[in-house]
């Protein structure tokens, strides 16, 4: 069944691509069918625990789902379907639709494949398919392909090759590629490899989950890919790194004496990622970039949770994994819709869309609230639990760091909301209409999902619980989430509902208030109509008040921003290229020189004959 | 031919062959003219051929031909290196001819045989 | 600087190569003294008389024992003619414009005319008697080619038919390979002798060996003539 | 059995001698006959290969003298496998250039196809022969065909490339003859199996010297690092299909020779380490040089050299898995690199300088060619699920089994470099704006067929690697079983 | 004795000829020197009991190789240009 689903995806991708050549409509329909039919089959037909075997090159490829991967695969499939529906109107009239559909489908397939892999070989195969299909997406719009695309690919390749190395080393000593075998027999590895392999794997997964020194690809790649894909990219694809990290943490690191040290380091890296990425997000003036940095930051939270590794922290992390997929998916869709309708995503240019695109605004609002971690939405639940877990674990400084990140996060949340939707309507955007229904519904659904999960977190806790128990966490009393103050104090059935009702009432009240008050009496001034202290602004000066929106803040954090890792990587890259350039001058172009090399080599070998051959 | 004198030659022939090869190789590696390089390579071939034939030589041996006058007692020199050298000479000639035709082509193209001028392809 | 480096390298290489050959030794049996080592040359020297009835051992090696090498070797020559033609290929042929090495005096021209048949005959003799006396297909072929060379140099307008050359060359080559294949069909292996070997030191002895050597002779003659002809026809743009 | 190995040599030679004759009356024959010959050889190779995998090696005696005396050809699983690849590639190269050269005059076309056929024959001879000196002769046949083909286009700098090639080739043949004679002077035989069985009797000093000479001589042909200066020039300046033939056929033969000497003939333990060292250096330098190239074909050439370095490292591991991986890499390289050369030469066909920047925006003009190029690029850097991945995986597994962690790390690092330069080209093809307005040349029908066949093979091996792994295992076992090789050759009789 | 001296003289001549061929700037003389090397070589072959090889070397090395070298020199340039005076005499590259 699983094989069939993957094959359907693969075949569908090709058929879609070919069909798109015939007629765009056929391509659209085939694309939707390709995503939805196998996805439906996945929900209905794949039992957890069923195992399929394939053989290749003397290796056995084993496929099957575990509770943990089932949790992740629901994100993939769910987000995949919604984004597919969203993508059809989004891509209408654009070029390279065929390539988009093809890579989209392959991405979904490869992610499911990763989750279904029970051995490292197929894990790696799908991992690489995911990498190159997402790479092709990143460069799809043809902007900055050499810089952004290559950067993404280099980092992905470093990660993938680290994984490749780890898996062949494990295989050479344990004679098995099965995930379970390598985890269970981890102790049989030599001591050096016991350190080396988890580090390699953490690098591999750290790249995909944009862990701090390895994150530099992420903001560019996220913002450069088509928005219909970025939701999947940030929401699901980066979660594959988290999936791998969870596996490594609970299986390998736990068996290491140095495990706690590694955990601490990773947790700190995660915390730092969260804080720094948040600061970066604040300074962005482009919605895409802002969300991209925000994604990196959120991954930082998740990494902290996974690294701490107490049941509560894991619970929080996995919860955040799911809802991050939802609200970030929704937000990227929002940006995509704005891009589609207005043609730009720059805060400085777009504003006041609240009336033009109300439904988009509502989904953005809900998602942003979830992102900021404000109760009663789901973001709050996960963050609360994360802080709680950290405090239980005596990681007070880390808590402060995360708290700082979280608070700073409000700034960019506000900036995002304000940038697009609030403020004056510009006449420039008078023609803008609400996005097509097929684009609005997926984002609304996702936004509402965060709402529902904030209210009934048990819906999600149950599968997470199953997953965690599968990877070896003992549940006291059958449910891990009981450890959280949030639920043990207030009971887990009603939980946050009272708060919710109050908030909802206030919300509805304001909505009604605004409805009745209407827009009468509002004075329209140009957004550029600001005091210039007697100096006449020049034509090209953009004096929108959103320019340098956060200037004081930016000035405050300037010293941090100066130290970008990106710069060091670039310098390193340039240095390498210079070295390479130097190296290739060995080939002087003079045939005689080559002949001299040959004689030189001959002389060297003859001189060192004894050392070589005894 | 008196074989006693040949013991003094033990190293002389090999030494000469190697020296001739090295001289040719020196020309091929250092001289700037393409033709000189080809000449050098053909000198290397000469030295090599001498070396190989010398290898097959046996003191007091006769040529490996059972002509009518052969009495069946004399030792014969090793015929195999001779056969190989025969092949090598002909092949060497073929390669030299190709090399010279390339030299002519390069002359046509560059109007110089100075090898430092002929490096459009590099790095 | 470069010269010194090269000299140094050559000294190292020369030292080791010379040392190796001094170790091997000169003029005596240099094969490793061991019962397992039975040098192939002894078998050759024995079998050439007993089996093949060819008195010139080098011939029997070149044509029969290691005849495959020779097939490859004539192929190399054949290829180098082709290569020459391909490398010096020009779209327009300047027929008759040949580089002149020296202006031949009448003595030279008439002398060449007289010498030419003699040289060709000598060449033919050499390759027909290849299995009996020193010489053979290569040597004879080269001698014939020298005859043509003489004619080409002496007579500015002397030309060799390109088609004729390639017909001779092809037929000779086909004879070689064909005889090889006939042996394959008759005796079971490629190039195997399938004719009666006759009596030692007889002109008609050695089975297919003379046939192959004559083919080689024709082929080499045609090919070398072709080489010279091609290069000669390459009239330089300067210095001419 | 349908034929014997000697036909691999005899038939092309016969055809080569026949072509000038038939060409006089029927001009088109000069194009067709080489193709027919290669097709026949392919059928022969496949038949013999399937026979050999079941019944063990075929040892063909030539001129009726059993092995230590005469020359012999050995068609076993290892050599047969390589021969099959080579003949197949030869056929594809022929098919590709069949119309490609249609604008060339009769004389030039005759020479081109003749030389191409002899290039394949020489390489096949190198692989098949069981005699040291005979191998030298075949190396020379290959060499001369190679020089001539490199210099085929008169307009370019091809003569320069060819001259470099010839210079190195001449040095190689001198060293090769020296090495052969040293062996002969000690063991009194030229037969590989015989030499191998007596190698332990040889003075270790002489053994080492002759091995070193062999390594340098064959290393020049196999494009090992300090000896490969000629290679990028020759690849880049030769006509596109010939570059593919070099990558797919000639280098394979040279590597085969090197491996045959290391594994079967010599018994030096340090030889494997030497292979690893030179392989690694070759790999690193070639890939590093490739990333800074401005011309497409040169880049592909350096990449090809790098792959050969990887093959040598893999052989140098010295285990059966290592050999398996090396053969797999060779197979993949033989399929993928020609595809890259074929499609790449069409992508830059319109330009005179053949720069990498000339591929800008070709994705729109020549979508199929571009996609095939991309497929090749993805496959050669080892992205799953294409063919290159499996060979890379098996190589890494073999290396890991021998605990060569540092080497794995180094090779993977170099792979990143490789990825970068291929992806840069792919990006240019699809996402850059065209710089010139010259029209792209449409590939001929034959070229399409060839490229699509290669593309399908890449996909086929990628999705179903078991389709070839059986042959590879047989080949690896056969290379590894030295005593069986010696035995089968020395007991060979006239069939 | 005579053979011994003859061989020695030939060897010395051969080395001398090869060095001359390498050092001579006039390529025509250099080629003739290589022809002389071949000639000496073929005599040496004869003395080393290899008449077949001697014959071949005499025909190919002395006659043919020299001739094609000479033809090539006629078609290209006669004097070798060395680096020392390249500013003056080196033909301008295209």
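Brief remarks follow.
Think of it as A, B, C, D and E in the order they're written, each chain with its own count starting at 1.
To be clear about the criterion, contacts are C-beta pairs under 8 Å (C-beta built on N, C-alpha and C of every residue); 3 or more make two chains touch, one makes a residue touch a chain.
Quick caveat: nothing in here was measured; it's all calculated off a predicted structure.
The minimum number of touch steps separating chain B from chain C is 1.
Steps from chain C to chain E, minimised over paths through touching chains, total 1.
Chain D has the Cα centre that lies closest to the mean of all protein Cα atoms in view. On a Cα centroid basis, the chain most remote from chain E in this structure is A. The interface with the greater number of C-beta contacts, when C-D is set against B-D, is C-D. Comparing mean CA positions across the assembly, the chain most remote from chain D is A.
Centroids of chain A and chain B (each the mean of its C-alpha atoms) stand 69 Å apart. Rounded to a whole number, the gap between the C-alpha centres of chain B and chain E is 11 angstrom.
Between the CA-based centres of chain D and chain E the separation comes to 37 Å, rounded to the whole angstrom. Centroids of chain A and chain D (each the mean of its C-alpha atoms) stand 44 Å apart.
Shown for chain E are the residues in touch with two or more other chains, namely 50-53, 56, 60, 64, 68, 72, 75-77. Across the assembly, chain B contributes 6, 9, 13, 19, 21, 25-26, 28-30, 37, 51, 54-55, 57, 63-65, 76, 80, 82, 84, 86-87, 90-91, 93-95, 97-98, 100, 102-105, 107, 109, 111, 116, 119-121, 123 as residues in contact with two or more other chains. Shared interface positions of chain D, i.e. residues touching 2 or more other chains, are given as 133, 137, 140, 144, 147-148, 151, 154, 159-160, 162-163, 167, 171, 178, 185, 190, 205, 209, 232-233, 289, 292-293. Applying the touch definition to all chain combinations yields A-B, A-C, A-D, B-C, B-D, B-E, C-D, C-E. Across the interface of their complex, chain B is touched by residues 2-3, 6-7, 10, 13-14, 17-18, 21-22, 24-30, 39-41, 44-45, 48-49, 55-58, 61-62, 66, 69-70, 73, 76-77, 79-80, 83-84, 87-88, 132-134, 138, 200-201, 220, 224, 227, 230-231, 234, 236-238 of chain C. For chain B in complex with chain E, the touching residues are 1-2, 5-6, 8-9, 12-13, 16, 19-20, 23-24, 26-27, 31-33, 35-36, 38-40, 42-43, 46-47, 49-50, 53-54, 56-57, 61-65, 76-77, 82, 85-86, 89-90, 93, 96-97, 100, 103-104, 107, 109-114, 116-117.
Considering their complex, residues 55-58, 121, 124-126, 128-129, 131-132, 135, 139, 142, 145-146, 149-150, 153-154, 157-158, 161-162, 164-165, 168-169, 171-172, 196, 577, 579-581, 583-584, 586-589, 591-595, 597-602, 605-606, 609, 612-614 of chain A touch chain D.
The part of chain E that touches chain C in the complex is made up of residues 50-56, 59-60, 63-64, 67-68, 70-72, 74-78. Residues of chain B touching chain D in their complex: 21, 25, 28, 34, 37, 41, 44-45, 48, 51-52, 55, 80-81, 84, 87-88, 91, 94-95, 98-99, 102-103, 105-106, 109, 118-121, 123.
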